[in-house]
Amino acid sequence: MATALCPGSFDPPTNGHIDVIERASRYFDSVVVAVIANPSKEPLFSLEQRSDMLRDALTHVDNVEIASFDGLLVDFARDRDLGVVVKGLRAISDFEYELQMAQMNSNLSPGLDTMFMTAKPEWAFLSSSLVKEVARYGGSIDGLVPPGVAKALQGAFPTP
Amino acid sequence: MATALCPGSFDPPTNGHIDVIERASRYFDSVVVAVIANPSKEPLFSLEQRSDMLRDALTHVDNVEIASFDGLLVDFARDRDLGVVVKGLRAISDFEYELQMAQMNSNLSPGLDTMFMTAKPEWAFLSSSLVKEVARYGGSIDGLVPPGVAKALQGAFPTP
Amino acid sequence: MATALCPGSFDPPTNGHIDVIERASRYFDSVVVAVIANPSKEPLFSLEQRSDMLRDALTHVDNVEIASFDGLLVDFARDRDLGVVVKGLRAISDFEYELQMAQMNSNLSPGLDTMFMTAKPEWAFLSSSLVKEVARYGGSIDGLVPPGVAKALQGAFPTP
Amino acid sequence: MATALCPGSFDPPTNGHIDVIERASRYFDSVVVAVIANPSKEPLFSLEQRSDMLRDALTHVDNVEIASFDGLLVDFARDRDLGVVVKGLRAISDFEYELQMAQMNSNLSPGLDTMFMTAKPEWAFLSSSLVKEVARYGGSIDGLVPPGVAKALQGAFPTP
Amino acid sequence: MATALCPGSFDPPTNGHIDVIERASRYFDSVVVAVIANPSKEPLFSLEQRSDMLRDALTHVDNVEIASFDGLLVDFARDRDLGVVVKGLRAISDFEYELQMAQMNSNLSPGLDTMFMTAKPEWAFLSSSLVKEVARYGGSIDGLVPPGVAKALQGAFPTP
Amino acid sequence: MATALCPGSFDPPTNGHIDVIERASRYFDSVVVAVIANPSKEPLFSLEQRSDMLRDALTHVDNVEIASFDGLLVDFARDRDLGVVVKGLRAISDFEYELQMAQMNSNLSPGLDTMFMTAKPEWAFLSSSLVKEVARYGGSIDGLVPPGVAKALQGAFPTP
């Protein structure tokens, strides 16, 4: 009865994130999406906003829970007794960073495993920061983020 | 109730393979190890030998089955109604090739997903072909492969 | 009045190749597709077959010519007075190999430049050899290659 | 009659930039160098200085125009009716980032293509930020940047 | 009679750093560890603290000297008449950055060479910044850094 | 008093190989160039020819010895009591393969270290196999290989 732990800043969640979480929910009994409360880079959206965006975009997925944490992922995993982290991978640079984190986490908490799912090719270029940059300059982000996120981004960056 | 599909040539299985299969067996209800019957490179060990080596090295894992297939992985997955492939990753070049295969498989059989687990750092350098090369020249492969594989390799490459 | 030189084995051409040639034809006055007559790996299709496949798939592109060469690309480029090679790129490993070839070509023929176009994300996993492997085992390659190529592959690998 | 669009911060332009623009000017009818007015990192040189440096270093190239833009590159490309972006590539990490940008741009403005040229091997290590760091500590940047840029850097970082 | 020059911020030194310096000391007559006095990112520990940490962790290595420098590494190398830099490599991204620096240094000071040693696989995930992040949140860094560094980190980030 | 061990097939040696050996000879008391007698790919030149080519190209380097070995590098290193392998690196793919070999060697013979030197940028594209391919088709390899190698390649591939 394994539960997948999907951590991230989700500032904001993109369709790439949602796709990975949806697919993880098929292979695991349940999925805990763990929003990093205070990412090292000051987030555009509050923890509450980011959690709500995820909740809205995942209403059709039954076995998913939105949680949040502050501090080390390994502590959150231990508290919740979760043994496997599931992360989406887009590109090589992702892979290196995620591999480093996976190995550090496994070192801090022996037995904590990490599994990777690749993003769909058509979303390989998507990232939260690129989406924010496009939205800031009024570019169209339709089809790249869930509708609720698109609306929130338009609110955050009103067309001049 | 997901079953993980772990395909490979396993010519021979290394401790890196065994480690990935063991760890996958913790997060999935069961694991089907699918040995490629006729890999493109002529194998050193027969399909029966490779299957036996895997069976021997995995006796302590209850929820694992050793199977084999010829042809396309997607056909085997469809026949067995398996939805998720689990592969070990060592390095960047692995990642690129595995990503290419994952995307081709997803294109051939929409809904067939691939998840990746990273090898333990101490086995990041291990590959079946490197193990064979070392054994061929009488180098020590203890600790790199299961005991039964070490014995089989010594039989295949007797010390001069 | 620049002409782009698009070299390759095209054994067989894929939709990824056709896409790159089509797009190159928009930015250059004309495109010379140069089929490598005798690639280092024995081709499945004859030079004539590969040339015909390209011709059929590119009938809608006016400014493209199908040619072939034996030997060094730089000699062909010099004979035809072509100054810029255009290659498609899929992945990192492609990039490294193509970069090596581009630099060797520029060393052999100072002034011969290479430009790269990236494959569309949905074709990033496509390669001639993967397409052949799938066809060999009866997998569906519809949508991955031009119709004429699909037919030729079915002829080369008849369903058992 | 294609025009190449060469965007960048050019803070300052290096010989690597100039080399790519020069070579692009041979294969395209004209080249529009588009200076990013307000890069995300506060530039050392003003937009006017960066534009003048490019103009000075490219006086020998007839078919080049120095322009600037604020906001999204796709909007600038649409306004000017330009269909192909040309970027220099140095290394793998460049490639990944540039690929991500190319795919986002193609998503935002279907039909906007990106082509890559590789830097000459002897300039593969060059970047604007490394040049600034060297100049800041009084290292010699002769031969790495156009003479006008070298002078401007000496002005910006006077020898103590 | 060659002396190896091992530069770095060492903020703080990790077991990966110490391992590379130890191993370099076997193949060179002596090793000069050159601490970057003012790294571009504001360091957590003062130059004196970082130098002391290195000195403490390397008392068992006879032929090593702890020095520091401000400005360009090539100037320090020239002043001390040192001809070869030795750097540890962890991953691909390290490699690219280090290669860029090595080529810039060789350009600034022809004859200044760089040699690379790979980190032990079990320390491939270690970095000073990751160690600091873990310590900041009270995670265990035992076995990742020398004992003196562990103590200093606990001082810098007292458990709440 | 360290001796560097530079192994390779050297079929044939290129200027990139010679450059790395020359530079290694400055930082080590001596260099043993160890020619792999029977590389996995059938060599173009005999062991004697490859050894002679290296000897000719390195007459100006005093502290270098040309040797050869069959079997595992670690056995040769142990027989000769050599503790450090020095290899040239060109590109990322080199790096991954060399890293794998270095870690396997360190596993087979704890204490056997590997150091890497990067090729000069202008030789980053050079490889023995590419040189042979160019020579086979009559391309100019002057400046890419030592004069004696150029002559031998012209003998091996006479202009038609």
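We just call them A, B, C, D, E and F in the order they show up, numbering each chain from 1.
By definition in this document, a residue touches a chain if its C-beta (ideal position, glycine included) is under 8 Å from a C-beta of that chain, and two chains touch if they have at least 3 such contacts.
The structure presented is a predicted model; accordingly, all values stated were derived computationally and were not measured.
Touching subunit B and subunit C at once are the following chains: A, F.
For the pair subunit A and subunit F, chains touching both partners: B, C, D, E. Across the assembly, the mean Cα position most removed from that of subunit E is the one of C. Greatest centre-to-centre distance from subunit D is found for B, with centres as Cα means.
Where subunit C touches subunit D, the two copies mostly use the same residue numbers: shared numbers make up over half of all numbers in play. The pair C-D is the one among C-D, B-C or C-F whose contacts match those of E-F for more than half of the residue pairs.
Mean C-alpha position of subunit B lies 34 Å from that of subunit F. With centres set at the average Cα position, the gap from subunit B to subunit D is 47 Å. Shared interface positions of subunit F, defined as residues touching 2 or more other chains, are 92-93, 96, 99, 102-103, 121, 124-125.
Those chain pairs judged to touch are A-B, A-C, A-D, A-E, B-C, B-E, B-F, C-D, C-F, D-E, D-F, E-F.
Looking at the complex, you find that subunit D touches subunit F at residues 92, 121-122, 124-125.
Interface of subunit F with subunit E (complex): residues 2, 4, 23, 26-28, 83-84, 86, 89, 92, 95-96, 99, 102-103, 113-118, 121. If you check the complex, the residues on subunit C that touch subunit B are 91-93, 124-127, 130, 133-134, 137-140, 144.
Within the complex formed with subunit E, the residues of subunit A that make contact are 71-72, 74-75, 92-93, 96, 99-101, 103-104, 107-108.
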